[in-house]
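Take a look at the structure below.
Labels run A, B, C, D and E following the written order; every chain starts at residue 1.
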Amino acid sequence: SDAGGEVREQIRAVGSSTVYPFTTAVAEQFTTKNADFRSPIIESTGTGAGMQLFCAGVGAQYPDLTNASRRMKKSEFDSCQANGVKQIVELQVGIDGLALVEANNGPAMSLTTADVYKALAANPGGKPQTARTWRDVNPSLPAVPIQVYGPPSTSGTRDSLVELIMVPGCDADPAMKALKETNEDQHEQICSKIREDGAYIESGENDNLIVQKLASNPTALGVLGYSFLEENQNSIRGVSMNGVAPTYQTISDFSYPGARAMFIYVKGAHVNAIPGLKQFVAEYAGAWNPDGYLTRRGLIASPDAVRKEMAQRAAALTPMTGDELK
Amino acid sequence: MTDIATPNAFVAPDPASTAHATGISDPKMTARNVNVFYGAKQAINDVSIDVDMDNVTAFIGPSGCGKSTFLRTLNRMNDTVASARVSGEIRLDGEDIYASDMDVVQLRARVGMVFQKPNPFPKSIFENVAYGPRIHGLAAAKSELDAIVEKSLRRAGLWDEVKDRLSDSGTALSGGQQQRLCIARAIAVDPEVILMDEPCSALDPIATAKIEELIHELRGRYAMVIVTHNMQQAARVSQKTAFFHLGHLVEYGDTSDIFTNPREERTKDYITGRYG
Amino acid sequence: MTDIATPNAFVAPDPASTAHATGISDPKMTARNVNVFYGAKQAINDVSIDVDMDNVTAFIGPSGCGKSTFLRTLNRMNDTVASARVSGEIRLDGEDIYASDMDVVQLRARVGMVFQKPNPFPKSIFENVAYGPRIHGLAAAKSELDAIVEKSLRRAGLWDEVKDRLSDSGTALSGGQQQRLCIARAIAVDPEVILMDEPCSALDPIATAKIEELIHELRGRYAMVIVTHNMQQAARVSQKTAFFHLGHLVEYGDTSDIFTNPREERTKDYITGRYG
Amino acid sequence: MSSTALLFLVLGLGLMAWIAARTRAAAFADGGPRGGATRHSLPMYHGWYVALWAVLPALLFLGVWSAVTPGLINGAVLATPEAAALPAFGMERTAILVEARQLATGQLPGAFNPQAQALAPAFEAEIGKYRLIGTVLALVLAFAGGAYAFTRIRPDFRARTRVERLVMAVLLGASLIAILTTIGIVASLLFESIRFFSFVSPSEFLFGTQWSPQTAIRADQVGSSGAFGAIPLFWGTIFIGAIIAMLVAIPLGLMSAIYLTQYAAPNVRKWMKPILEVLAGVPTVVYGYFAALTVAPAVRDLGVSIGISSASSESALAAGLVMGVMIIPFVSSMADDSIAAVPSAMRDGSYAMGATSSETIRKVLLPAALPGVVGGVMLAVSRAIGETMIVVMAAGLAANLTANPFASVTTVTTQIVQLLTGDQEFDSAKTLAAFALGLVLFIVTLLLNIVALRVVKKYREAYE
Amino acid sequence: MNSPLVAGSQAEGHEPAARRPTDWNTGAMQARIRKRYAAERRFRLLGLAAILLSAGFLAFLLLTMLANGLRGFTSTDIALPVDFANSGLVVEPASLEGPGADLALAGADFQGTTSAAATAAFGADGATLLSDSAWLTVREAVRDDPSLLGKRAVIEVPASTAIDMAAKGDGDPTAEARYQRLEAAGQVSSGFNLRFLQGADSTDPTAVGIWGAFKGSLLTMLVTLVLAFPIGVFSAVYLEEYAPRNRWTDLIEVSINNLAAVPSIIFGLLGLAVFLGTFHLPRSAAFVGGLTLALMTMPVIVIAGRNAIKSVPPSIRDAALGVGASPVQVVFHHVLPLALPGILTGTIIGMARALGETAPLLMIGMRAFIATPPDGFTAPATVLPVQIYLWSDEVSRGFVEKTSAAIIVLLVFLLAMNGLAIYLRNKFETRW
């Protein structure tokens, strides 16, 4: 009940595995630059679990910061409020691209979101899935078997895949778009359920393994964070989508469909109690510029206007009101 | 010694009572109507016997007849067998050893035991003999302990052979020496009775002869009971002999009578080697 | 039978040679100057002996004297002990059984063995007896096998007791029955010699009597060697007796001579129970 | 006084009691074990007896005291006027109280919350008060206990029996931990599982053939259809752990054991056995890495080269092979033990009939050792189906109901890890499914073990 | 002297009187025997093959790991000339004496200086040749020798992952080319990577170290040992020596045997629900990890302990009881000392398994990024196998060889423990 509680001298962060490498990089710089603070503890729990831990309350046993590969939901904000986590500072740290990739010796595909949808949906357009090769989906594509390594249904990245690529691909069909108005449930069934007959291969969190597997299986595609694509240029390359290849440029201006913003949420009530939290946020704000060290690790910087606003917010630690969320 | 309570069991009509009623002046231990069960199986059937101070008593009988079982009831070593159950009455100096307030640990210090296979502790010879005195606090000082160890080893006839290597491991001795070491270990706590379960069966003839000689020497100082499967040995070392068969005490009496003039047919068959 | 090669070992001046030279007409197996070592330790020391067809030979001696060891050299069961090493010469019908071209598998089929503790396989009674004929391919058809099993069980005097439950497990029989089953199993491959290592020591008197009776019946049909620690048993069942002591063959001769008129002091001491 | 200092004080008192009692007992007349006036127990035991009486009640009291006082202190603090401003109930109130306490005890350098700052002095005062009371009571108890025990020392007092009774109690207590752990496991799985079964019916869970936990992570999430038929997971688990792995482990393990026990020279055996055991000691994460990076691609290439174009690089075969190798020692050491446990009389019996080694092994030793071997295999299976990391890293997550070893399947343990480390809410059916899966896994291994124990036990009795 | 028992042989009356011994020398018999011997040889070869296959697999596994991992123990350094005098670094050499040094250094822009120096020395792409943590090396150098500040000095700094990979012959073509040029100029060197053994986790593969995880493993194992060993030994003693045979002890026995085979991940769930959920112990702490693993290891120790205790000959117990030792004395004076080697081997094997365990620790939050070695039992920590798991998931390719190197460290640790167990087993085996 009211017993418990621990002394804590270092920052504790939880949340998305996508943001994790950036936050750890910042943490590392923070430690080397601030010898008088203990190094932060950053745990990759996934966005949802991170939100849950973050919103559980105020006090030493709850994390100070959570990483999110998507924006906080209204429901999560409410649960935070209910638990006394009143002041939450939202910071967009940059953009991540959910990239479709293939091996460098692959068939050099160029796809549209509709192709991907038709190839990966469980019931494309409400009909049973029959496509075996990409040519079945679109006659202009090569006749290689559909094999896509992607995030499992337990991960937030999977949500992004559905939200950013599958649903738009589905809505490319006007009938589907119309369905959304009339029968939202059915629309969702048809547009967002991914096939489970083996063509879409759920791979664990280990994206390196996906890279390895692509290298040994050139006809397969993979769904990866942009940072992995950048790091492994020597073995894999991006697949262009709707004519746009995943590059730093196309993602930062959101012209590549797989682009998504990444956030961190800071607990206002902890700023004064946890030594170094303020400096940590400042370090982050200094690192997310296009020439900062985070971009070398695959972060795509936010547009200038956003960065400017975020920098101000980071300095003033202005809490959000909740109205901006949906 | 305290006087012996005379339980009515004493006059119960048991086959052996007439046998042992003769010639025993001063029983050290008395057993009356003892039954031992292992689970549902009865291993000892209504045995009454007296063990006295001046004589060596031998238990003989074919394998599995219950000699060891009965011997182990005398110092409650059977307590360690979960399935064993004992009924009847066994008294040491008139004290009921199965009474609830009997301290088993002390009883075993008073009724020592030597086993069929020599079982020295894997410690030094000195420590083997000193173990009992130590746990019973019989020696206040190291010198006292030394004295006890020396005396016990002397009595066991082992001192001259080992006095220069008391710190060697007890397990490094030969079989016969080990068995004498075990006897020394039993003597060291100054027991009143010594029970020996086939102490020579694992030994060679020379070692056997030494143990037999030792038994002769210790006679009178301790009440002794010896189980043996070697009838010649029983004849050589004991003054009283009890013949067990299938859990019953068939015959009990002076050794010379049993071997020359057995009253029971079974005893005679056994002694002449028709079975066993 | 083939004629016996006479190796020069035969005339070697060994202490026992005079003893066994007498009265043996037709040796089935001959051992000459056999030594057995376990690692560096010598367990059998220069033993020469003949085993013949018409007599039952008993090996007696105190525990550890090497009876079992010597017995096991006769069908090379000692091969299974890694540390065991045999020198000297042992012939079966004149054939050297330790020769390099000797087929051990065949040898063991010709020289059967029965052990101290009955060791039926945990299979049915039928399978126990059929095991040997099966592995050696002695029966071409099931009916032949049935006949062999029946014949063997009859010879072992077990047929009437088990004929209605041949498919019961062999381990479900009583000790004495198990031992007779083991004898039946040995007989089933039609051996020429049967070696028995204390076959009755784990049995009760009645079972023992049955086995002794069986040995009498089989006599003449197979050469038989029996190890026993029970001198009365040796006297009852054997015609020849060999007394071992500390790895040496002390005395070998007609059973009646050995028991009534031993030539060696050690033999006499042992027979009269001064040790063992 | 801090609690550590108090602890040491009490222990110090115990030491003094030990010395005093030992000295007193040593002064009793020494008469050997017989005779009336003999001391029953060694002085040391008297020492322990008194020391334990001095220390244990005091420690027990301290334990209870430290469990009870926080509530009392909170009550007292809440009664102060500063506490009136606290929010009525809920998490925030608790958080403030905890914080105030931590401030008062100096555990926190600064306050998250000004209200906590205000309450801190009150906490400080109350904590001090209760600590004083506790100290005094503990010391009194220690003295009283020690004194009581000291007065009982007499030559015939059975101190050893008493002390040993305590030792026995400690030993018994230690063995009860196993039961507590079992209860803890069941409790921690059962509660969440019951909640899971309020979302998904047990029959759907146990017999459904569709596993696709794509339920909404959040209320508004897309793709929220979910299917919780666990049959594909059970199948995957059995396929990898009980079929493929066993096809590797049983022949290799059994033949290795046979070779080592029956044929190998003692020296070879002495070396080979520990070497094989290393296989079981290699961490599973290493196997996982190895399986994913070395074995899986090779298996895929093999699949493609023999014309199975659908061969996945996350195949059941790769995971099963590596897992099979991992459990070779489980099979081989159990087989080794049970073959060695077959009485040598059996072996001799067979050799004496003229059987060759292989005939003896196949016809006599193995049948006799079979129950033990089966027991070992059962244990190996339960180890295999509980194995996590190899599958997490090498076998994929696709819940396919297929018998194609080149296809990807998933196992119960993998799904547990995925469900609990993904982006989830803690009371969604998805997370709770992990506990339900855990429960099933626990029950299955429990049954396997009971069967294995039965088999092994029955077999042991057969020879004794 | 004894008359033989009367023999009755009616039972065999129907048999032929003459005995026909089996003829072993017929062709059919000989062929059969040859066949049997052939089967014997085949069987034996099969056994040998099984052994060789198993051992071969182990060798292959170890060699693969070794081949991949040994490179992780070397690093590539670049000789970087830094002109401190003209670098614009604002550090007072005087402030570098004494306790304020760290603060003074933290304020200075070593990062900028380092990349400027790199650009000056190696051209426009100079900064990308160096590791992200190269400036730390420069800072260390200045801390060690403040006099550098006024001079020009050449400092060996770690190269970037790309150059490092190129140096090891595994880089992409541009990096290879760049490396060739650097090597031709004598500006690179390779050597043993001491940082790897001393440092903790990092996001930069050229700066990572294994010591943090190693220490976490040590602390966790310590907790496991301290809890599991006494409890395991005590339960083993109780069950083997004192427990009456009844339904309760059967229950204990079944639980223990079952716990020894319960999937490790279930212990993770237990730890999550009980230690974190109910007792609110800190996440990611070595203490909680140790607690969880102790529950997992304890049954193994109990089983090993019981076997060891069982193998102490009963005659020793009889001997002690026979001179009047109490049951407790028998156990503590005789049985336990004699069983100890066996108990220890079992313990080491159980501990080795706990050391390699990953899955349950993932459940209780020991998968965090922790850049400093833990300094206590409740401090956040990670352990070797989890570190391996985390590194295998890192973005940078430089982590591949580090993962294998960490595996080597873990294997060495384990082999040492197994070796100790074998040594104990051989040393103390059957002394009576």
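Descriptive notes on the structure:
Here, a contact is a pair of C-beta atoms (placed from the backbone, for glycine too) under 8 Å apart; a residue touches a chain by one contact, two chains touch by 3 or more.
Predicted model, so just to flag it, every value in this text is computed and none were measured.
Among the remaining chains, those touching chain B as well as chain C are D, E. A comparison of the D-E and B-D interfaces places the larger number of contacting C-beta pairs at D-E.
In terms of the distance between Cα centroids, chain D is separated most widely from C. Each chain's centre was taken as the mean of its CA atoms, and the one lying most distant from chain B is A. If you average the Cα atoms of chain B and of chain E, the two centres end up 56 Å apart. Averaged C-alpha coordinates give centres for chain A and chain E that are 34 Å from one another. The centroid of the Cα atoms in chain A and the matching centroid in chain B are 84 Å apart. Counting partners per residue, chain E has 36-37, 324, 326, 392 as the residues that reach two or more other chains.
Multi-chain contact residues of chain B (touching two or more other chains) are listed as 105-106, 109, 135-136, 189. Of all residues in chain D, those touching 2 or more other chains are 33, 160-161, 356, 359, 392-393, 421, listed in ascending order. By the document's touch criterion, interfaces exist between A-D, A-E, B-C, B-D, B-E, C-D, C-E, D-E.
By the touch rule above, chain B contacts chain D in their complex via residues 103, 105-106, 109-110, 135-138, 140, 189-190, 192. Contact residues of chain C toward chain D in the complex are 75, 77, 80, 82, 105-109, 112-113, 115, 117, 119-123, 131-132, 135-136, 171, 182, 185-186, 189. For chain C in complex with chain E, the residues that touch the partner chain are 103, 105-106, 109-110, 135-138, 151, 154-155, 157, 159, 189-190, 192, 209, 212-213, 216-217, 221, 232, 235-237, 256, 259-260. Across the interface of their complex, chain C is touched by residues 265-266, 343, 345-356, 359, 363-364, 367-368, 462 of chain D.
Looking at the complex, you find that chain D touches chain A at residues 70, 74, 90-92, 94-95, 97-99, 101-102, 107-113, 212-214, 217-225, 292-293, 296-297, 300-301, 309-310, 312-314, 392-393, 396-400, 402, 407-408, 410, 414, 418-419, 421-426, 430.
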